[in-house]
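Listed after this line are the structures, all set down as structure tokens.
Common to both upcoming complexes is chain A, partnered first by chain B, then by chain C.
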Partner chain A sequence: MKPRRLPTALLFLAPNLLGFLVFTLVPVGLSLAGSFTNWSLRPAVPLHFAGWDNYARLFQDRDFYFYLYNTFYLMLALPFSIAGALLLAVLLHGRFSFARPRRAPVLAAASAAIALGSAAVLALTGSPNLAYVVGALGLIAALGIRFGPVAYRTVFYLPYFTAGAATIILWSQLYNPNFGLINQGLRHLAAFGGWHVAGPGWLTSTRSLLGFLPWPAHFNNGGFGLGAREAIMLMGVWGAVGGNNMILFLAGLANVPPELHEAAEIDGAGAWARFRHVTWPQLAPTTFFVVVISVIGGLQGGFEQARLMTFGGPAGATTTLSYYIYQQGFERLDLGYGSAIAWVLFVLVFGLTLLQWRHGARDGTD
Partner chain B sequence: MRALIAGLLAFLLILSGVARLLRPSRLPPGVTPLVWASSKNPYRYGQIDYFNATHPGLRLRLDGGNADFQRIIVQTCSGVGPDVFDVLKGSYLQAYVEAGVAWDLTAAAAADGIAADRDAWPAVHNEITYEGRQYGYPAGVGCFLILYNKNVFDRRGVPYPTDGMTWEEFLQRLTRVSGVLPDGSRIWGTNAVDYAGTAPAAFFWKAVFYSRHGEFFSPDGTRPTIDTPDLRVALQLHQDAIVRYRVLPRTVDVGAGTGQGGWGNPATTQFAEGHYATIVSGKFALASLRGFVEMQKRDLARWEADPARQRTEPRPEVLRLGVARLPHASGRPFACVALSQTVVINPASPHRAQALAFLRFLASDAYAQRVESYGIPGNPRLARTDYPVTDPELAEHEITRCEVESLRDGYQTRKSPFLLDFDVDRALDAQVARLEADPSLDCGRLLAEAQGELEAMLRLNLSRDPRLAAEYHRRIGAGALTSNP
Partner chain C sequence: MARDFRTLLKHLLMVFLAIAMVLPFLWMVGASLKPNAEIAHPSLVPEHAQPVNYAIVLQRAPDPHTGRILELDFPKWYFNSFFVAAWVTSLQVMTSALAAFAFSRLTWRGRDTVFLLYLGTMMIPSLVLMLPNYQVMVRLGLVNSYSGLILPMAFSAFGTFLLRQFMIVVPRSYDEAAEMDGAGPLQVFLDVILPLTRPGLITLAILTFLGNFQSFFWPLVMVKDEYLRTLPIGLLLFQTDYGQQTELIMAATVMNIVPLIVLFVVMQKQLVSGIQLGGIKG
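Right after this comes the complex of A and B.
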């Protein structure tokens, strides 16, 4: 850059730089310094240097280990989210169409009319929940007939730009063990087979699919089953499958040279072989990026769900490290300790990301 | 691109103009603004309008979404807090005082007709004072009662709950009204979930504990007394109510539910809809129940005017409310804890002196008249049972009588400067959540764990604050720090 242009460049960068300094760098620095003090929101507690006390306390804090375990446990949903996003992207990448362009509007209108009519009949005959499902599915089908894959891309991306709090509250209603749509549906399905099932406890249960915990003295897992952690994981997968990961994979798929597919096809490769040997290797950089971002998000995640759905319960089963930081800082007013947890979380995130870069980047570009 | 940026700028300018037009008008010179962080109780607006009309030099405004503990602390510490705010539990008051966001009113209150010992119910004295200093005045007081839905009891032919029952008698009676209906819906015997904090918390065990005149701290406040027979009995009865009697839902079941929306505890409206035969609540529940009953009455009127609907639908019910004092512990006299919605002044407020006028208003007869339809005023001299009622189904005078009698027998638990009552709540709520999640757990073991956790927390607090450690030593004698706890 020419020297005379530097002031102009700095002037343009100044708002961002100032914002970064004031709202990011200074607070981050303060929290690092604060983690070595007894920083409290109680003014009666005089601030003093505490050395490594907060970190020593943290490593003896059994709650911390349990919440770390919860954080990692919730991350078990990440492979499913990523695989789901990839699958969806592959399905939506094709330029399929359900009808000839000239007939599409008519067919779409007919599909919408049938869907709305069926929903109205179901609602009037006392099945409002089924009416919602049938109506929604029919309308989505109509959109697909009219606009093709673009309609589905939009529909699947909807959860991502819908307000998080609204979807979380909606899911907490779905998970209600007594009145929720999910357990009601399971009970109806089981009734067809002549069985009686109560349905999982979902957000009310400490059960988990691992069925054991390494800390039996203080925490209990409630045994094998579907509990609050699985409920949050399912919701996370639902939100993530059609989110940014799908968009990234779609962009990656658009960059795969079509000649490679054509060559493979000429060589007699089927759809799976083309995906396995052409698409998948070509998507390696995208997959690597998605995995890194997802792992970082997973380690930092769980706050909104805990705050809005479960308040970290039952019995701490859905408290993750990010919610524990909040609890320590703003419920126990112990900002020093909260900062120490935040920095340990940072080291974890940084370490894991470094590990992924060292191994994943090489594999991804090989 | 230029056109796009110019268009965006023009759009932002238009938005700025709209925002300017929508901006609240400036107050006239000489009028002091006051912000009250409180709940959006539907009666609040009338109280505020009356206050503003009778205090032309002040303009009170409700900040309805910012009364959470964390928000008050953070906003007040960063200089943008409200002028006055509500505290719904003594334990929160203690935390606010410790955080330095509650103004010490002791001197001003004595001269202003809002003194804790003279102008407020004795039972809530500890809800508005901490360590002998006064920090607020109640906007309303009360005790927990048993509110029951007469329709549910009548349908099953079960006698209503009465004053003077023991907990076991109460639970036995509830087993006769709770169960699954033919349509698959469930009626629970009772509901005791609190939403005053950040999370829904079961307090059935607390009601039992308080009925035994339980205390969380030793008399000198130097030791948490958690692993005690009183708390063991309370937790055991909580567990029995869920597992053995099957009349009490777990907290998470209730927390996941919804009511009709709007202000109020969702459990209250579910009670009004008949999902619960009784609810452990107070007169404050009337603030949301009244609207619900009026809605039910409108629905009934529509049904009565529609013969076609009469042939296909049963007659809609209107809630008929009954009330009884809380059950008592077997072999012990009645005891219950008193509650207060304490209004506290922010010490950093530039209008804190003017805010005292609002607290004086809370102690006045004019305010008492505005609160009596759903609550009990903080000034005991102004509690009446002869005011006109709007909805006879809501048993207002009967509820007031029960509240006043309970307040006379009510007490406040001890506080400790070494450990926030708030932390005791959290530790015990966590153990109750574990118990609800796994009823096979032993109550004694859970309490022993909570005891250990709180003792460790107390030691940590002492190690972090030399002032506290000195006071602790003074109370128990030097050298005892390591042995007690």
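Right after this comes the complex of A and C.
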């Protein structure tokens, strides 16, 4: 330890520490203090200490429980996102090279030529849609054969990389009950079987897959079906399966010693047994990290979707805790109550993370 | 041969998965080229392609419905997003690198305690901070200004943490050799540590740029005036004002997303290895 380094260290730290104080530490203090007052942006309301009033109000707020339920319900998409990311990573991790390496460029050129040719033919014979999709298929195939898994990884990562207001607005068009891609696709599929279906109402519907359960009246339950919440979950899975989770799983897979697989193979273990008994335990730290990060994100999620797609509706079905905090703080200008909700959310995040940590530590010693 | 056949099947599976992922983007491009009358038509490809949609969004052509130029400034939104993200990125990488150096290469009393405090604040949801942070900005008089968009984002515990992970693995002997030659801490930082942690710096820069280019919440509460609108805020208002003109909204969306795709394809190698390095050690 060289204490004489302290002044130097402070110089290096100064810019970050200053910002940290002003934009993190002070707001944390303000928020905690504010949650015990009637802090409001309305000029007519004088500030006074309110004790635990905001928290007491929260526990009697029926909307709070509804939005808490929504938040957890949307998080049911997380297992699918994580399992999907793992599946894609396992697929990408496999062998994509041909027995003779020289074949790859030839095959790539051939598939590109076939795809472009058939696209041109299809376009001329009057199925431009098919031509469009076949052309895209051929392009991806050519890139995949030429560059290997990196090309597929790039495509899978794109929804995650571009995620934001633009993709959310794009999806709200895809979910349009009449002309959106999704319902039109469903209608086409149904037409093959000779059925006529209207398709789910998606963002306009309060139905949900747990809608058959007897929820309290203020949950505005629309019954069993696909509704706004499922729409947001589906979009979330699309955006997450190929994202950072997949990248982290790929790194985890690369670190599994190949000898373990070889030993298991010699012992006669099939592909599933090798995954179950070699890959899965070896991936445990990565899986744990991914689950913890996803849960933290999930509890705080839903704001952008609600603000850009649904305004929290229909009938509050897509209002999550994060959107509720925004509504209280910036629409009803009730900062005290908004802060109290935020702190309850913090306790929730912290508690769940701690729980997973203890669980993870216990599993690790098995 | 049999193995090559299996490889081919695997490629086929991946191509179909990839198509499922890009289908929304394919629809987006198709819809952005349609005339308004064709939007409700169940076709991916427009029958009469109308590239002028892009010119309408860029205010180079009048809207055929009203005969007027749209009342928005798309290039300005673009500039704002770019400008803010570039400033935040350079400031954040700089402040994070300096702090990470102090946390990894210098020894001083209380270092680990202060670092734990930093890490602890990463656990606090941004939602807890957003209401009071807005009040801080009101007090500082920074609401509705570029500084208000940039400054709060310029300091990051995550960035400090990420860069510290990269710096801590550099062998001590490097600093010691430089110090032996008479280099001060600043020189060690600039000439030894920064060049050696380039992958970390690039990763943080890409992630920060992307996050701020796309950032939605903070500009939503900060921006009041037209001239400060960033792309996500502009898109939100576009959707509110011209909600029926899906083709124009999609043209704007394409123009938002395409630069990101280009950025990603160019930078992906560094980004992926950076995420993996930072993630494993984190």
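Operating definition for what follows: the second predicted complex is superposed on the first by the 317 of 366 C-alpha atoms of A that agree within 3 Å, B and C clash if a C-alpha of one lies under 4 Å from a C-alpha of the other, contacts with A are read in each partner's own complex, and residues count from 1 in each chain.
Convention: a residue touches a chain if its C-beta (ideal position, glycine included) is under 8 Å from a C-beta of that chain, and two chains touch if they have at least 3 such contacts.
Please read all numbers here as calculations on a predicted model, not as lab measurements.
Colleague: So if we stack both complexes on chain A, do chain B and chain C clash, or do they fit?
Modeller: Aligned on chain A, chain B and chain C clash with each other.
Colleague: What's your read, chain B or chain C touching more residues of chain A?
Modeller: After superposing on chain A, more of chain A is contacted by C.
Colleague: Looking at A:P43, would you say it contacts chain B, chain C, both, or neither? Reply first, second, both or neither.
Modeller: A:P43 contacts chain B only, not chain C.
Colleague: If we overlay the two complexes on their shared chain A, which of chain B and chain C does A:L78 touch? Say first, second, both or neither.
Modeller: neither
Colleague: Name the contact category of A:L203: first (chain B only), second (chain C only), both, or neither.
Modeller: A:L203: touches chain B, not chain C.
Colleague: When the two structures are overlaid on chain A, which partner does A:F330 contact: first (chain B), second (chain C), both, or neither?
Modeller: Both chain B and chain C are touched by A:F330.
Colleague: A:G316 contacts which: chain B (first), chain C (second), both, neither?
Modeller: The first partner, chain B, only.
Colleague: So, does A:L283 touch the first partner chain B, the second partner chain C, both, or neither?
Modeller: In the superposition, A:L283 touches no partner, neither chain B nor chain C.
Colleague: Given the touch rule stated above, what does A:F179 touch, chain B (first), chain C (second), both, or neither?
Modeller: both
Colleague: Select, from 45-53, 63-71, 99-107 or 369-377, the region of chain B that bumps into chain C once both structures are placed on the shared chain.
Modeller: Of the candidate stretches of chain B, chain C runs into 63-71.
Colleague: State which residues of chain A lie in both footprints, the one left by chain B and the one left by chain C.
Modeller: 172-173, 178-179, 330
Colleague: Chain A touches which residues of chain C in the complex?
Modeller: 1, 3-4, 7, 10-15, 17-19, 21-28, 30-31, 39-45, 94-96, 98-99, 101-102, 106-109, 111, 114, 118, 121, 123-136, 151-152, 154-155, 157, 160, 185, 189, 210, 214, 216-217, 220-221, 231-233, 235-236, 239, 246, 249-250, 253, 256-257, 260-261, 264-265, 268, 272, 275-276, 279-280, 282
Colleague: Using the touch definition from the top, list the residues of chain A that touch chain C in their complex.
Modeller: For chain A paired with chain C, touching residues are 1-3, 5-6, 8-10, 12-13, 15-20, 22-28, 30-31, 34, 88, 91-92, 94-99, 103, 128-129, 131-133, 136-137, 140-141, 144-145, 149, 152-159, 161-167, 169-174, 178-179, 181, 184, 187-188, 238, 242, 244, 247-248, 250-252, 255, 286, 289, 296, 299-300, 303-304, 307-308, 321-322, 325-326, 329-330, 335, 338-339, 342-343, 345-346, 349-350, 353.
Colleague: Show me the residue ranges of chain A that touch chain B in the complex, using the header's touch definition.
Modeller: Going by the criterion above, the answer is residues 38, 40-46, 57, 172-173, 175-180, 203-206, 218-220, 222, 310-317, 330-333.
Colleague: Where on chain B does chain A make contact in their complex?
Modeller: 69-70, 73-74, 77, 95, 98-100, 186, 198-200, 250-253, 255-258, 423, 426, 430, 433-434, 436-438, 441, 449, 460, 464-467
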